[in-house]
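Every chain is named by a letter (A, B, C, D, E, F, G, H, I and J) in the order it is written, and numbering of its residues begins at 1.
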Amino acid sequence: MLFHVKMTVNIPLDIDPAKIELIKAEEKALAQRLQHEGKWRHLWRIAGQYANYSLFDVDSTQELHDILMQLPLFPYMDIEVEALCRHASSIHADDR
Amino acid sequence: MLFHVKMTVNIPLDIDPAKIELIKAEEKALAQRLQHEGKWRHLWRIAGQYANYSLFDVDSTQELHDILMQLPLFPYMDIEVEALCRHASSIHADDR
Amino acid sequence: MLFHVKMTVNIPLDIDPAKIELIKAEEKALAQRLQHEGKWRHLWRIAGQYANYSLFDVDSTQELHDILMQLPLFPYMDIEVEALCRHASSIHADDR
Amino acid sequence: MLFHVKMTVNIPLDIDPAKIELIKAEEKALAQRLQHEGKWRHLWRIAGQYANYSLFDVDSTQELHDILMQLPLFPYMDIEVEALCRHASSIHADDR
Amino acid sequence: MLFHVKMTVNIPLDIDPAKIELIKAEEKALAQRLQHEGKWRHLWRIAGQYANYSLFDVDSTQELHDILMQLPLFPYMDIEVEALCRHASSIHADDR
Amino acid sequence: MLFHVKMTVNIPLDIDPAKIELIKAEEKALAQRLQHEGKWRHLWRIAGQYANYSLFDVDSTQELHDILMQLPLFPYMDIEVEALCRHASSIHADDR
Amino acid sequence: MLFHVKMTVNIPLDIDPAKIELIKAEEKALAQRLQHEGKWRHLWRIAGQYANYSLFDVDSTQELHDILMQLPLFPYMDIEVEALCRHASSIHADDR
Amino acid sequence: MLFHVKMTVNIPLDIDPAKIELIKAEEKALAQRLQHEGKWRHLWRIAGQYANYSLFDVDSTQELHDILMQLPLFPYMDIEVEALCRHASSIHADDR
Amino acid sequence: MLFHVKMTVNIPLDIDPAKIELIKAEEKALAQRLQHEGKWRHLWRIAGQYANYSLFDVDSTQELHDILMQLPLFPYMDIEVEALCRHASSIHADDR
Amino acid sequence: MLFHVKMTVNIPLDIDPAKIELIKAEEKALAQRLQHEGKWRHLWRIAGQYANYSLFDVDSTQELHDILMQLPLFPYMDIEVEALCRHASSIHADDR
C-alpha cells in the first residue's frame, strides 16, 4: 500500500553542529536500510529546498506512522501524508 | 530529469457526458503511450480525490510543458510542477 | 485500518431539484449499507455546514478510494482524507 | 453533545527532556481518565503527525473548554474545535 | 449555550430578483422570530460586507444546526461556527 | 459605535511566570473596568482556545485603538478588528 | 473618522455590456459626488488590477456601510474594510 | 508616483527596552522628515494593530526601496508594496 | 523602471472558440509590439501552466497599468504586480 | 534551461553582526561569479523586501539544486523554484 509523503526539514540555526551532523548520519543510515527493505520505495530531493518527496510501501497506516516517528530528523520536520492507490490509466499493474 | 506533477481534475457538472468520456479516453491513451515511452515515469491516484501525483522524466522544461499542454484534460486541470533531483540518501544512483 | 474523511457538499443552486433528491436518496442508501457493513464506521454532521466528518474502516487505500468514488454525491463534494492509527494514550486496543 | 477536536502538538526543541516527559505522562493519565469517564469518546493519532483527532462528549461548551484548558500539553498545542451533531444518514440513533 | 456564527451571503448575480426578495423576506421573518424567542441573541452587520456576526443561545449543537439549516438563505451562505463559553474576566455571570 | 474584535493570546513558553501572572491580573482589572464603563460591551471565551471575541462600544476608531493598545496583554496578542453596524433584520433598534 | 477600503471588482464575462456600462457610469457619478462631499477622501487604482484603495471619512460605521452598499458595483465587488486612526509619527494633526 | 505600503511591526518580546525606544525615536524622526519632504505622503495607524498604511510619493522603485530599507524599524517589519496610479473616477487630477 | 508581473490565464470552458482565438491573436500581436518597443522586456512561460512571468520596463506605474489594461486577455487574467529595483549584488549596472 | 527563483531572506535579529556580514560578502562574491559564468542570468531586488527574483540558466535540476544549496545565505532563505520555458508570443528565439 503506497503513501506519498512530503518532508520539509527546518533545522534551528543555533543548533549544535556536531549534534545535527550525527542526527543526519543516523537519518541517512535508517533511510537507506528502509529503502533496501523496500519500505521506502522512492526518495527524491525537491530542487532548491531542504525537502523531499517520498513513496512508502507499507502494510498499514500504523507501520507508516511508526517509520516516520522513528526518523531521527522527525522533530525537525513538517510532514504531509497522502494515501495513494492505483490509477486506472497506469500501464503498471502495481506502479511501485 | 525528473519533475513531480500534481494534477487535480475539475470537470464542470453540466458538461456533455459523451464529450468528456471521449476526452477521458484520449487522455488515457496518451498517458499510456507516454508511460510506454518512459516519459511519464509514475502515475498514482490520490485516494478519495479526482487527482494524481505523476513523475515525468524529460530532457527539458520545454518538453515537460509541451507534454502537459497536449493532455486532453489540460483545460480541466489545476497543475502544480516541482523540479526534483537525486537525494543524497537515495540508495539508487538514479531513482526513477 | 482507519481513515478520517471530511466531505463538504456543494450542490449547484440551479440543479434540477428532482435529480438531486434522487442522488441524495441513493447517497443515503449507500451510506447506510456501508455503515451496516462496518466500512463506514462513523458519520457525523458538522453543525451549521453541509459537511460531515466520517471514519472509514477499510483494508486498503484502494478500497477507500473505490468507496468514495462510487458515492452518488462524489461529483459535488470536496473530500479531504487523512490516515489514522492507534494513539498511544487510547484506552482502547483498537479505537473503532 | 459531540465536539470534534484536532490537537497539533509543537514541543519546543530546546525544552528540558525530563520536564516534557513528566508533562506527557500527566497528559496520558488525564486523557485515559477522561476516556474512562466517557468524556473523551475517541482518540486517534494522525499518521505521520504529532497530532490527533478526538471526539469529546460533553454537556456544554464550558465543560469542553475546561477539559481542554487543563490538559498538561495545552500550552504546546494548536487546537481546532468543531461542533458536531447527528447526521440524517447515520444508522445510529446517536453515533458515539 | 452560546455559539458565535459568521454568515457570508453570496447571491448569484443571475438569480430571479423576485425569488430572492421572497427568500430575503422569509429570512428576515424567521430571524426576527428567533430573536424574539431568545435563540438568536445578537445579530450585527459587518460594515461593507453582505455578512453578519450572530450569537445563538441554544441547548445543543443539534438545535443550532437545525436553526441554521432552515434559514431560507442557507443555500447562499458560507457559515462559520465557533463554540463560546464564559470568559473568566467577564463581569457578567452569563454574558448574553 | 460597535467593533467586533478577536484577540488570540500567545504567551511565550519561557516567560517568567510571576511576570505574566501580574500582567494577566492587570489585564483582568482593566477589562472589568472597561466593561463597567460600557466600553467593553461583550467578552466571550472561544472554547478550546486562549482567545476571545469581544464587542467594543466606542465613539471613534481612535478610542478603540487607544483601548486596545493599553491592554497589558497587547504585546502577546494577535488582534483582528471589524467594524459593525445595525443589521436590517435586528429586532433591536440598537443591538448592544 | 477614516476607514481604509480595498475594492476588487469581478465583472462576469457573460454580462450584458450595455448593462454594465450603465452601472459603471452610475458608479463613477456617485463616487465623484461622494468625493466632492468629502466622504470619499482618496481613490487610487491598484496598478494592473481592476481594484482600488479608497479612504472614507465618515461619522459612523453605519454611514460607511450605507455608502458602500449603495455603490452600483457593490454586487460585483469583494470589499475589505479596516478602521484607521492617527499615527503618532504623523506630522499632520489629522492626516486626511 | 504613488506606492501603497503596509508595514506590520513585530518587536521581539525579549528585546532590550532602551534599544528599541531609541530605534522608535529614530524611526519617528526619519518618518517625519520624509513627510515634510513630501516623500511619505500619508501615514495612518491601523486601529488595534501595531501596523500602518502609508502612501509614498517617489520618482522610482529604487527610491522607494532605499527609503524603506533605511527605516530603523525595517528589520522588525513585514512590508507589502503595491503600485498605485490615478483612478479614472477620481475628481483629482492627481490624488496625492 | 522594472515591474515583475505574473499573469495567470483562465479561459472559460464554454467560450466561443473563434472569439478566443481572435483575442489570443490580438494578444500575441500586442505583446510582440510591446517587446519590440522594449516595454515588455521579458516574457517566459511557466512550465505546465497557462501563465507567464513578464518583466515590464516602464516610466511610471500609470504606463504599466495602461499597458496591462489594454491586453485583450486582461478580462481572463489574474495579475500580480511587484516593483523591482537593482540588486546590490548584480554585476549589471542595470539588469534589464 | 531557465528556472525562476524567488529568495526571501530572514536573518535572525540576534545573530552576530560580524558573522552575517561575512556570509553576505561570500554570498555576493558567489552570486557575482555565477552571473559572470552565465548561470545566474538575472538578479533583481523586490522593492521594499529583503528578497529577490532570479533567473537561473542551468543544464539540469541537479545543477540548480547544487547552486542554491551552496549559497552562504541558503540557511536563512525561503526559496521558491518554478520551471520556465519559451513563451509562444516571445519575439526572442530564446529569451535569456
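Points worth noting:
By our rule, a residue touches a chain if its C-beta (ideal position, glycine included) is under 8 Å from a C-beta of that chain, and two chains touch if they have at least 3 such contacts.
Chains and their UniProt names: A, B, C, D, E, F, G, H, I, J = Muconolactone Delta-isomerase.
In this text the structure is predicted, and so the values were computed from the model without any measurement.
For the interfaces C-D and A-J, the C-beta contact count is higher for C-D.
Counting every residue number used by either copy at the chain B (Muconolactone Delta-isomerase)-chain I (Muconolactone Delta-isomerase) contact, under half are found in both chains.
Note on F-G: its contact pairs, compared by residue number with those of B-I, H-I or F-H, agree for more than half at H-I. The distance from the centre of chain B (Muconolactone Delta-isomerase) to the centre of chain D (Muconolactone Delta-isomerase), with each centre set as the mean of the Cα atoms, comes to 39 Å.
Per-chain CA centroids place chain G (Muconolactone Delta-isomerase) at a distance of 22 Å from chain H (Muconolactone Delta-isomerase). Note: centroid distance chain B (Muconolactone Delta-isomerase) to chain E (Muconolactone Delta-isomerase), computed from Cα atoms, is 44 Å. Among all residues of chain A (Muconolactone Delta-isomerase), those that touch two or more other chains are 2-3, 45, 47-48, 61-62, 64-65, 81-86. Interchain contacts (touch definition given at top) occur between A-B, A-C, A-D, A-J, B-C, B-I, B-J, C-D, C-E, D-E, D-F, E-F, E-G, F-G, F-H, G-H, G-I, H-I, H-J, I-J. Of all residues in chain C (Muconolactone Delta-isomerase), only 3, 5, 12, 15, 61-62, 64-65, 68, 75-76, 79-81 touch chain B (Muconolactone Delta-isomerase) in the complex they form. Across the complex, chain I (Muconolactone Delta-isomerase) is touched by residues 11, 13-14, 45, 47-49 of chain G (Muconolactone Delta-isomerase). Those residues of chain J (Muconolactone Delta-isomerase) lying in contact with chain B (Muconolactone Delta-isomerase) across their complex are 1-3, 60-62, 64-65, 81-86. For chain C (Muconolactone Delta-isomerase) in complex with chain D (Muconolactone Delta-isomerase), the touching residues are 2, 4, 27-28, 31-32, 35-36, 42-48, 52-53, 82-92, 95.
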